[in-house]
Amino acid sequence: MSEMWINMGPQHPMTHGLWNLRVRIDGEMILDVDPEMGYLHRGIEKISEDRHYNEVITLMDRTCYVAGMAWEHLYIQAAEKALGITAPERAEWIRMMSEEFQRLASHIMWYAAFVQDLGLMSPFLYGMRDRDLILDLFQAYTGGRLTYEYMRVGGVRNDLPEGFPKQAREVLDWLEPRLVEYDRLCMGSDIFRSRCDGLGVLKESDCVRLGVTGPMLRSAGSKRDIRKDRPYSRYSQVEFDVATADAGDVTGRYLVRMEEMRQSIRIIRQTLDWLDHHPGPVIADHLPRWLGAPYAPVGREGYLLKRNYPKGVGLSAIEEPHGEACAYVVNEGGEHPYRVKFRSPVFANLSACSHYLVGYRVADIPPIMGSVDVCVGEVDR
Amino acid sequence: MAADVEQKGRSKPENPFLIIGKPLATAARQFAKSLIRPSTIVYPFERLEDPKFREEVAIRSGRPIGVGQVWDNYRGVHALNVNTCISCNLCAFSCPDLCIDMVTVPGGDPKHPKKCPQIDYGKCSYCGFCSDACPEGCLSMTTRYELSTPKRAEMVYSPQKMFEIYQRKLPMNPIRLERPANEDSILLDVPLCIGCNACARDCPTECITMLDIPKVAPKPGEKPAKRIWKEPVINDSDCVRCGTCISVCPKECLFWGTHS
Amino acid sequence: MESNPEDIRAQLTAAGAVGVLAVEPFDGAAARVKFAPESAAALFQVFRDALGFTHLSTVGGIDWVTRYEVFYLLWSDATKRYVILSADLDAKTPHIETASPTWPSANWHEREAWELVGIHFDHHPDLRHLLMPDGYQFHPLQRAFKLHEPEELEVKVRHV
Amino acid sequence: MAITTLWDVAYFMATALLGLVGRIIPPLAAPLGNVDLIWGLAALVFGAILLAASMINTIMLIWFERKMLGRFMDRRGAMHVGYAGLLQNFADGLKLFRKNTFKPRDADGLGFYAGPTAYLVTSLLMFGVLPVSTGWSDGSLPLSMLLALVIFSFAPLFIFISAWSSNNKYSLIGGMRSAAQMIAYEVPILLAVVAVVVVSGSFDLNTIVNEQRNFWFWTLPLTLAMIVFVTGMLAEMERIPFDLPEAEAELVEGWNTEYGGMLFAYFMLADYVRALAGSILIVLLFLGGWTLPSYVPAALTSFPLAGIFWLMLKTYLVFGVFVWIRAALPRVRTDQLLRIGWMRLIPLSLASVVIAAAFVLVKCVPVLGCVPSMGG
């Protein structure tokens, strides 16, 4: 059979979103790939320029629809730096807990989708079942299950409700044995191992060169984790280990994510303990009205020039579930950010895809792309 | 086969036999557990927001449903208490999706018609900014989440429709935004004011009163100031900080700030 | 995480970097290095090889109406810090040398910056549209591109 | 005439029907009494009963899989149509029946429509060959097992025809995988069957089943052959560890990507018809068919339709194992699948033939004692 291009996407079970992977194959062998993005481009960076600082948060939940909290955290940090506002201590801990819960939920979601790509349907449902418990927790204190709109410039929207720590601990107790079960279904199965070992190999040097971050990078042996290397929020005050693997293949990424889930549980437990003993305000006690809450729009140039707004630039970087995410918020005075730039980890991870796909088989595309954990929302933004 | 592409992923020798006992055992264990009651909820017949059902599936060790309680704080369809609405427009201002229109409802005086929010759920993103912004607490979100309809026009909920939802006494989202303790107030840039009464006229809470101020005679050589000799005084405790006065002020003399 | 521009300045001087206009402190990064766009290619090499900033996080552009700014966010695994490179480009034909040979990861970031902000990257290996449809003529993140006026835009999509 | 077999029932019905018509219209009585005519009508009735039974069983099999898979996955499966979703598949079938069947513009019309039809028809042919109990069909075919396997191996041809003619790259890849897979697994299956033939000394399924009755099925001497056969059958049925031709993660739906509506239903139905037939074949060859071991109390086998009951029970249990495997194992890769087929199963099946021959020579099993009749 001669070579041919096939379009895997925009609607294809492998894509987990809306993108198109064009693959040149010879028989079952991949000769070349060309990802086509942009099907989900909503212009979030542009819309942000037209919104109040707090209103951008609604967009952040939709940037990556499985890791909304992480993106809220990312944006809020940058915006607070740009505006010169600091959040109270308790708010920072709640944010950190939210981000870790989000990492847990995101990784479980990844696990469910990834294993389903291999043709195994039951872990998908196990994963969704267990993720739902975390969503219940999110609903308990934010009111939303997927789009939380929880964090605010200068703190978080509200404190944790009564009884939340108890239920959170119960969920963690439920999840820990489930992670063992996940492992038994995957690592305990030789078919799974033979599907994943040695696939999509990307060495550490290549990862760094190509800008690949997150579990993909750590699976190749690097220990780069923004939470450790450049602790934001209160990550310097909790104990956790950076999960790494050596092989840099699909199995390695699986192992890294599984270990990260365990570490997340560890962090959340410490955070819950801290929160139990340190009540306090969760939002800064003085926020400029033009920022903190809605009001009648003014938007006239004269008004903006007459009033003195602080100016500044904020840069923040967090370890999002998919990797290193950065936000760059330019505040030129006024109610809206002048420019918001996001660095999406999946964007960079995906840009390297020809390096980890070429040379493998068509049947290897789902596990490899599954192990990348593509979230098209944050690639296209 | 193109020669320039290296074939990858075939280096590891495979096990002579595939060991598949562990996953089979795990699945079988789950099967045995699910025989009693699977974790799913038969949705239209069983609902988590139904207290009776919730008791039935409450804490049961080793079951995912009922790991804990379910909170009534889902951000669903809004409930609007038309009677207490003061037409401050804050919900419409706060809406990031521009899905709230203020429409006239019967009950206001003819000069200042009463306006209440009308929400287009086709656009709404359920962020809750509007209910957070509502100073009177008359717009809040309920746990109701079923609003599919065959017609797009039916997605627009009028104030009366949301008032009906309010009267149904669905569980409301108990979370209220914790507003900062000392918020900014509206300050006046005195020299700029021309006493035009626009702010007092449009203030929804009528917390602005125009007080007479002494007339200042023009300095020699200057034209007499074209203004009304009145000045707004804002009652901070009544003010809901909607900023309407700022937006209507023709001279941009009102602004946010702190008394100090 | 302290901003440490002196250290960066000293290292740059030691490496003999040319074209550095200013090294400013920056919250959250070691420094913000302003450089002249003409010396971009050489400076990228210096940052990667001499200063150890092996990882390019992102490339972004800002439209300041009178000028364009392009910024590069770099990360060093050895010293665990960020640095921001920033260059001002003229408003008429903003262009700068590509960073792709130094950091291959710049490829997609530069494609994005080109199509959204309109900064042209010279000698870029593959400067195609990434997020926008092929043949899209506008650069949405420029200030001149206003929201709420979609009907005024005529989008020409070339079908490949 | 004593009515003991299904054929008798069909013959009786045909006679009665024609007799009734002859009674109503007296001039037709004589020509309708023709023996050949009665025989032909009886054959039709026989076929209709067989078709209905197999179709209902197939649909029940789908229901069984959906419910059981649901429990494996901590959910419920079909719930609402009929009791516990029993009629859900009929509803699904009706829905598919009402759907428009359309052909891609550049697809080849003949192959596109004929492929799925032929696939379903040949799959259904299996039930004409498989004996389901002693009272099922009159007489027996001496080479019925061989015939069953031949019919079973028609499938790749039609799958490939429909894949090729639907003019889609995914279908094409899926069709090629399907052909490669089925051809690779024909060989170990046949070799495993050789082991059965060696032990039973017959190609007739009736004889094979009756032989097993004496000897606590054949699971012990033929364990290896059974493992090979079951694995091969899994591949032939394209069920989950080996469902590469329709691996949905990479090939969308494989060879039936372009099919919708009733033609898709044909594929689905034929897949499950094959699953049912394959499970029955496994039961017949290795698990004693409709018989129970000779030391089981006679009461268990003497009630009416006992043979069919036990056979179907075993069949559903075998299929339950397949569902279990589906719930727990991921899909293998094409090259791994072929390697398993050619490098593992074929040596194993050869070994099973040797083991079977050794048993026939010794005619004894250590614990269970000796069976003089073994080996025909």
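A few notes on this one:
Letters A, B, C and D name the chains as they come in the text, with residue numbers starting at 1 for each one.
As a convention for this text, contacts are C-beta pairs under 8 Å (C-beta built on N, C-alpha and C of every residue); 3 or more make two chains touch, one makes a residue touch a chain.
Here the structure is a predicted model, which is why all the values come from computation and not from measurement.
By number of C-beta pairs in contact, chains A-B lead all other pairings. Geometrically, the chain at the heart of the complex, using CA-atom means, is A. Using the mean of the Cα atoms as each chain's centre, the chain most removed from chain A is D. If each chain is reduced to the centroid of its CA atoms, chain A and chain B end up 25 Å from each other.
Work out the mean CA point of chain C and of chain D, and you get 64 Å between them. Averaged Cα coordinates give chain A a centre that lies 48 Å from the centre of chain D. Counting partner chains per residue, chain B shows two or more touched chains at residues 10, 14, 17-18, 20, 23, 26-27, 30, 39-40, 64. Residues of chain D in contact with two or more other chains: 72-75, 327-329, 335-336. The residues of chain A that reach two or more other chains are 122, 126, 129, 185, 189, 191-192, 194, 361, 364, listed in rising order.
Applying the touch definition to every pair of chains gives A-B, A-C, A-D, B-D.
Contacts from chain A toward chain C in the complex involve residues 37-38, 41, 43, 45-47, 49-50, 81, 208-213, 222, 224, 229-231, 313-317, 324, 326, 328, 330, 338-339, 341, 343, 347-348, 350-352, 380-381. Interface residues of chain C, counted against chain A in their complex, comprise 1, 26-29, 54-58, 60, 62-63, 71, 73, 75, 77, 80-82, 84, 103-109, 112, 116, 129-133, 140-141, 145, 147. Contact residues of chain A toward chain D in the complex are 4, 6, 8, 12-14, 28, 115-122, 124-126, 129, 185, 189, 191-192, 194-195, 361-366.
Contact residues on chain D toward chain B in their complex (touch as defined above): 68, 70-76, 79, 324-325, 327-329, 335-336, 339-340, 344.
Of all residues in chain A, only 3, 26-27, 29-31, 51-52, 54-55, 57-58, 122, 126, 129-130, 132-133, 136, 139-141, 143-145, 147, 149, 154, 157-159, 161, 163, 166-167, 170-171, 174, 181, 184-186, 188-192, 194, 197-201, 281-290, 292-298, 300, 302-303, 306-307, 358-361, 364 touch chain B in the complex they form.
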